[in-house]
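As written, the chains take the letters A, B, C and D, and residue 1 is the first residue of each chain.
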């Protein structure tokens, strides 16, 4: 059994980790920290876990995280990088669901997250936890920076196009029109995500700039080996879970004869958590609700020069906790799908 | 034109007052105070009011509330009673949407609201702003304590039964199973009313006790002149606006031959904002959305001994801002429906 | 492996059966019938099942249901009773999610469902599939009539009160104010459950009478052995899944000293799918979302004479498909919780 | 008073017309037809109209539509063109909310709507009812083909860019990523728009082709006088009302120094129903809920070469009924905003 600790188990990605890990056949939940809730049974805060999780939250200094095999950080940005060194020294692997180990460039990190990076040397060895792109590096990683929810959908949605030897599309003019459920904003007391504000409503936000833009561009450039230009417009959908990314890419003349449906199917043929839908499909976010699956559909309206890629994922699973567990499975040599075979909940 | 001031115009009852008053033919919006938003155009906070409200929020000390004819308090409990004396001295009428002037008994007020009452003498003269019950007193009032949203629906829903000379039902064993949209909790940064918490979910709350219980009992006893016993169970509905109260009353044997449909229709025959629906109806909250109307249906399942009264209102209109404007109209001798004839928004 | 057939797998209880059964360790899905969708892969209709269910729908006459060990009917009322005799003759057990085998009295059935009963002799031997009440009979049953979603919550919520040797409450004056998500209406093209009709809205329905009333009274009388009077008022909540029943029972004077919290905890102490919450709790429907769990809280406001029982369940799981699988597990001597240990999905 | 008839008043655009027209100071509602609901009081179907609309539905042959000044068609495609000739002969003006008089080319109409056009000669004189583009022609029109809901938002959102003498953007590569509430699908019994299907869910649809594409291209080409290429991807949002269009346009090198904020503000400076928001704004659909207002924000992320235009409207008001009344006001020489000054309902 792998001994797992969770730092910051009170937010949505934390409770989602708990939902997945408490039923994972090879995991023993060992410690869940929360300074504020020290001593409170986890199931008192989340009655959905009654009978499934018997642990209490414990203050960080009381939790023996050093005895864990791996520790997940479901914390605000900045926490994981402050604690990583000590855990690594104790032989504990680290999987961060926040942004501390996502951006390779510390200046970019500082610009977007407003704090200096605490451990550039650890960042150096950290692996970006996107299994469908970095599986081999993840196997040997000690530190994982998990992708953001939007970046996961954008990178996997565009990967088959960009991973080719020659450009197929105008890689400097990509557009990602993304829509996310409200849980993406986290379990924080904020007016803008109150039901009375966000329900029966739709809006864009962050058009001027969003932290997930540099992360996604970094990832796409790593995939293509070429410079990438991306316009990213996120929107807030009045629903709890789910991300739908609508991606637009301008075909290059020399790529007009490509069979893009086949390209996508082949690219993901071995992937257990990426489902390329039949041609003409319109995947729904609910078709992956509460599961680690991503579904992708490839469209080329009017057989013209613009590709429209539709991508859906559950932002809390494939976009966060589930992807973290997928990385853990890979790191510890388990079946990559262990504990992750939830059937999506529909309706 | 009646000069109107609003203290605390940033919450939901505040913006609803603005929606109604900015289109009221006999009202001139004169001042809207908010210490925190001093100088901010109201329409910057609420773009829905662009082109309709040109005022800015102003700090209380800058706003010349003394020049108003009437001031609405859309504030937390405790604010109106602190400012009422000065306004009254300046000849300004006061309509409080919070609880400061609802409960006649200051000890009860202190028990439920956790603060001493600042002006028992003003409370003495205050009138409970439920026009269908207190219209005559409202006409001459200087201070109005507006009913809570739940109490409005419970009192008007039970009034025809209790207003008779002799009891028709077991007045000591009334039950009110009430359901409210989330805007009833106000525009406050709280986790429990986040969309990701409250959406696709249903729960009761406050079963042990709720501030609206003593207020409603006080009102029902004023209507009947007899002692009343009420069990009140509020529930949170994943919707923005609307209250649905399901009221249960046990018939007394001597009342079995009463025509309750006629009783209700007659009781409210002259009321412009209470609509007794045809027998057998199931009123929906959306049928009064964004309007000052209340709809009531009277049921007696199986022609048995239990009456089931269904009541719907928009908690922000008839349950708050609209009822406040209705009182204002009465106080200033205007048509009671002036500025209040909105057609409900459906769908 | 138990060979399972499903008749009528295209509705919400059907797809929920599929979600549960496709991951059940001791079940082999053998046939899913739908005349209309004959030949269509199940996963084409429900992409959420891609990779989990490889079966196609087949027309009833093509499906070899006689080779199954058990057949679930997730069909409109009247279908199961037409096919039960043939299946029983072939040694196949039958679990009906509709109403054909719920009501013991065929006249009551005919009154409420508008059709004569096709097989009163089979009805005679049918067992009402409420494991927490009828576990022993279910063990040996060949035919199960599964309780309705509302009746499950009402019966289990009141069972501890009624199962005592002497009445504790006024059993002739029980009240059930119930609230259900929209999936309870089924996957049918109807205007009243469109999102644009049912969203941001709340209403009661069927106050005059509802099919679940006679079923629940029958069940309560079986539990108590005494005559029961119940007023049942269902309401529609703008959410997908979940039932919240608020139950009211008038204490008898001789029961005033009872410890009702203990009574409930003891009554359900051995039950794996009924969770009596700590005193003072307000269970939420989402705390059981997509799971077979029921949660109950017992309140006695003001320590008075009225008990208020709060009950939540997922109408599609404990209120339908999950309870069906629970019965199947019992009938075939499996662990009662096999395939049913889903952690509720929250948020 | 203008005598108004409505053909097909039972759908969402019909009831929205009723909501607006029953409070219009210069309108007398004269007839509302529905063959199916002949004799039924309109307010029985829509209790929200109790006290506001006293008319009954009448069968078409009984309604004296010839006595009206103007008749609105809130009907399925094909109805208006079948009845227009007779009404015009009687001197009645016609405003069609469906597609019969939108597309100038009858072959395009037949391709997308699957029926031959019944009256090409009337189509010839029909005016496309987009006041901000065609105000002068609307003044003298006898027949109005009202724009679809999506096309209204796309055309007005792009008009300032396309209306210039020289192209500012790549007019052959425009992208419109549009999101609509569910009421856009109409009040029809369909599974896909049930609350249990469409709620807590998000999806694209019609990526291959949608009727609003040729209509919008026709309108954009009329505005620019040049050929236009548009990719239109509609999405379904789990909300009742509202359209949010996110429009992407590639700047031409020669337009890089243009002040687009000023361009938009100037273009719409005289318009009462188009609100160009301050630079950097993210308009929300609820900011126009139940009103005829459209709000637009202009973005140029990173000061790059891609313009991102955000447009919101209420699909039932500016996208349908409200725009129809706006046209009527223009046609009859009334104040263009008569009966249309509703303050948006927020929250």
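The definition used in the following text is that contacts are C-beta pairs under 8 Å (C-beta built on N, C-alpha and C of every residue); 3 or more make two chains touch, one makes a residue touch a chain.
Only a predicted model underlies this, so the values are computations on that prediction, with no experimental measurement involved.
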| item | value |
| --- | --- |
| Chain separated most widely from subunit D, comparing mean CA positions | C |
| Higher-contact pair (C-beta pairs counted), A-C versus B-C | B-C |
| Mean-CA-position distance for subunit D and subunit C (Å) | 45 |
| Distance from subunit C to subunit A - Cα centre to Cα centre, in angstrom | 37 |
| Separation of mean Cα positions, subunit C and subunit B [Å, integer] | 39 |
| For subunit D, residues contacting two or more additional chains | 12, 181, 183, 187, 196-197, 199-200, 238-241, 283-284, 286, 289, 347 |
| Contact footprint of subunit B on subunit C as seen in their complex | 173, 175, 177, 179, 181, 196-197, 199-205, 207-209, 229, 231, 233, 235, 237-242, 244, 246, 248, 250, 280, 282-286, 289, 299, 301-302, 304, 306, 308, 310, 312, 347 |
| Contact set on subunit B toward subunit D in their complex | 12, 15, 19, 22-23, 46-52, 183, 187, 199-200, 240-241, 275, 277, 281, 283-284, 286-291, 293, 295, 316, 341, 343-347 |
| Complex interface listing, subunit D residues touching subunit C | 12, 181-183, 185, 187-191, 193-200, 238-240 |
